[in-house]
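Take a look at these structures.
After this come two complexes, each holding chain A, first together with chain B and then together with chain C.
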Partner chain A sequence: MSIKISEMAGWREIPVAGVAYRPSTESKTGDWRSFRPIVNEEKCTGCALCHFFCPDGAISLVNEKAKVDYDFCKGCGICAEECPVKAIEMVPER
Partner chain B sequence: MELGVAKQEVMGLTGDEAVAYAVKQVDPDIVAAYPITPQTIIVERFSEYVADGLVNTEFVPVESEHSALSTCVGAAAAGARAFTATASQGLALMWEILYIAASMRLPIVMAVVNRALSAPINIHCDHSDTMGARDSGWIQLYCENSQEAYDTTIQAWRIAEHPDVQLPVMVTLDGFVLSHTLESVRVLPDDVVKRFVGQRRYIRVVGHEYKEVPLVLDPENPLTLGAFGMYTHYFEYKRQQAEAMEKAKRVIEEVGREYGGISGRTYGLIHPYRLEDAEVALIGLGSTMGTAKIVVDRLRQEGMKIGLIRIRSFRPFPREELLKSLSHVKAIGVLDRAMSFGAYGGPLFMEMRSLFYDEESRPLISDYIYGLGGRDMPIKLLEDVARDVKRNADRGRVAEPIRYVGLRE
Partner chain C sequence: MGEEKLTLKDLAAKPDLLAPGHRMCAGCVSASVARMVMKATRGPTIVATATGCLEVATTILPYTAWRVPWIHNAFENVAATASGIESALKAMKRRGALKYEHVDIIAFGGDGGTYDIGFQALSGILERGHDLLYVLYDNEAYMNTGIQRSGGTPYCAWTTTSPAGKVIPGKPQWKKPIAHIVVEHRAAYVATASPAYPLDLIKKVRRGLEAEGPAFLHVIAPCTRGWRFPTNMGIKLARLAVQTCLFPLWEAWWEDGHPVYKLSGPSEAIARRPEMKKPVEEYLKPQGRFAHLFKPERKEELLRRIQEGIDREWSLLLKRAGFA
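Moving on, here comes the complex of A and B:
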């Protein structure tokens, strides 16, 4: 059963215990980013280390190349740090 | 009531052992505890039950009280019945998780042996440990004797897990006075306790993708608890906690009555004694109120119209019940076994003064801070307190609002 809870729901209406009833994906945390990881597909070997290290699960492999989901990448730079072939560069957001 | 009063065995138990025995009979899924001072015999005795195969509980010895309560939080969120025990510095180290357990609405039961906080190192009886935690969102039930510690530990699960409540419960007993003192305790048969506590129930919430699911972690029905709530939602969750506390009052009374049906011992939010025609009243928490009953009896023989109220439930605070019971009283002496440094009086005094503010006729209320760090509160000192309250009643004003009892000047 799907139950809709309005944006302005009062305290009687929202679920108790701070249960997340709205998916966190509704909040595009990519807005927080001040550095953007850019993948150099020429260099990328598709080893997927960046995928495993990404704390936000924002990197996937598409056609064996790292692909960043900029909606959720917060720009922490761990991927660039961990990439064994230096295929990811952090560039300042404008 | 359906069962009638069960046949009960009398055992010689300390307060600690009484709690451990009750937990053994409830047989919770998990007990997590840190075993070193200020921990008491509660978990030591319980770990023997585990070693002897008398319970099905998984016993998790952890490296700190912070971890003990964290373990209970995880277990309770996963649907388990969880128990821990602590005291004094141990409770202080749990502080962060106290709020999390209550806010995540996890029905954990914890026994707290009331012991003084450092410094200096003391660990003897006073209420400063749990009084400091009075705003953490836990239900707090203060016991007068070891029998009550046993009885309340059993009732605590029913109160905590009630769908209208869903809050953790602290069962407190006075350090050494109860925790380490042998007493005759009447215990119920195992099956009666099992039937009384029943199975843990889960309330239903709207979780991921607006699907209605039980409030329990389950890989088939993923749920995120207590993760993130900004200024848009945090306030509403707190209001819900206030509501749960309000509803807990009725539940504590119902469970206390039902327990009376199987044990012959009925419990409520407050326990008045010889109050009907009283002009003066003493009010307080814990084992001292047992001694105070003797004082009331003695002074009654002298002709003083005196009674008392022992508050069993400090959180939720039984506002209506106290107002009703004390409406005819001229003067009240509040017994505070904790201090709130820099405040106007002890924690109970502040509640009592505030309680009567809106009333047309207000009794005179004076505060008596006593027994810190295990300082004894003998009959003689309680008599002095009672006579002081009576003098206030006679002269129609409070001579000294806050007094320290049993302190060397």
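Moving on, here comes the complex of A and C:
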């Protein structure tokens, strides 16, 4: 049996490969957490370092204060470890 | 190289292009690196990712964490894939079919996909001179498949395929000097970066995008699972890697047929004040993959060899950068 190349499907007919089309934000990784970072707003200087270090993009600055999005924070503790003024404390999740 | 007016405050307000909800491990510094790289983009950007932790865990079908056009092809060919994108964009532009003035291309590869499996494709884009930025996030082993040693794994590190015991002390070979190898290809711009210094890293990404021709950024990316340290310690280790001169920060480009090496902030400070250089033990001790160097007894000979290896590479770099 032989197949003529001219009779084969061209790239336009080939179905697209695996397409990841749903936003990752639909999966709430916050339920991985066993420790919860708590920001002390009095101490926080708004330096933004924790925002950059957080692997999960779970910290944003709101009115120049760090704010944690607990939907996505995995509780790694990097923010608490790295905050230059120790404004973040890790407390066990209940 | 022109100085950009990038500040952490402004960049913090820029929305993440790598979204939360990805499945990288808790405390994974590769994820922090990818977020910072994406903060540095300057306009329309296409990302290609080699097989690896970053690719697998940011695109668990049907979900994706990428808020830019993104493609994964295979383990060995992210550089080739990215070069195809660049060539396609050029052709579209020639025909007036491109609606943007310019599109940046970033290729992400891990150490396995860069030092080993993807090396040929990487060498190819450097030789052909494609205008794109290749980011190597180096967690120093095949972490995604279960901590197998790679060309980027350091001397004496335990991995599942270089187990430390009576026969070998962890990996018996040294790390391949990948960034210098890229410089020797006459790349337009090469730099090393550590996520412990976010502004330095972000500025280097920007310079890599601005460079005309292939740019390469080598980023150290501590891995909590494979290096065996608590999830909160990754950035600290990325800093210690620089402070011990195990992973010095520098940039390099070519001028009049010569490579120009320039040390970056924290490493330049150590070059000027050598007493600031920390002993490598401070970096090794917190990591389980080096635990056999300290327990059950200290392996003085191995520790001495590791320190000597670092000192040797550091003095070579100092020479290249015009110190000493």
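By definition in this document, the second predicted complex is superposed on the first by the 76 of 94 C-alpha atoms of A that agree within 3 Å, B and C clash if a C-alpha of one lies under 4 Å from a C-alpha of the other, contacts with A are read in each partner's own complex, and residues count from 1 in each chain.
FYI, a contact is a pair of C-beta atoms (placed from the backbone, for glycine too) under 8 Å apart; a residue touches a chain by one contact, two chains touch by 3 or more.
Quick caveat, the model's predicted, so the values are computed rather than measured.
**Student:** In the superposed model, which partner reaches more residues of chain A, chain B or chain C?
**Tutor:** Residues of chain A touched, chain B against chain C: more for C.
**Student:** Contacts for A:55 in the overlay, against chain B (first) and chain C (second): which applies, first, second, both or neither?
**Tutor:** second
**Student:** Check whether A:89 is in contact with chain B, with chain C, with both or with neither, and answer first, second, both or neither.
**Tutor:** In the superposition, A:89 touches no partner, neither chain B nor chain C.
**Student:** Give one of first, second, both or neither to describe whether A:74 is in contact with chain B, with chain C, with both, or with none.
**Tutor:** Once the two structures are laid over each other on A, A:74 reaches chain C alone.
**Student:** Examine A:41 and indicate which partner it touches, taking first as chain B and second as chain C; both and neither are also allowed.
**Tutor:** neither
**Student:** On the A-aligned overlay, A:20 touches which partner chain: chain B = first, chain C = second, or both, or neither?
**Tutor:** Both partners.
**Student:** Overlap of the chain B and chain C footprints on chain A, residue-wise?
**Tutor:** The answer is residues 18-21, 23-24 of chain A.
**Student:** If we count contacts the way the header does, which residues on chain A are in touch with chain C in the complex?
**Tutor:** Touch list, chain A to chain C: 18-29, 32-33, 47-49, 51-58, 60-61, 69, 71-72, 74-78, 80-82, 90.
**Student:** Inside the complex, what are the residues of chain B that reach chain A?
**Tutor:** That would be residues 103-106, 166, 203, 205-212, 215, 223-229, 233, 235-237, 239-240, 243-244 of chain B.
**Student:** In their complex, what parts of chain A are in touch with chain B?
**Tutor:** Those residues of chain A that touch chain B are 1-5, 9-11, 14-21, 23-24.
**Student:** Chain A touches which residues of chain C in the complex?
**Tutor:** Against chain A, chain C makes touches at 8-9, 11-13, 16, 18-24, 26-32, 35-36, 39, 58-66, 195, 198, 224, 230-236.
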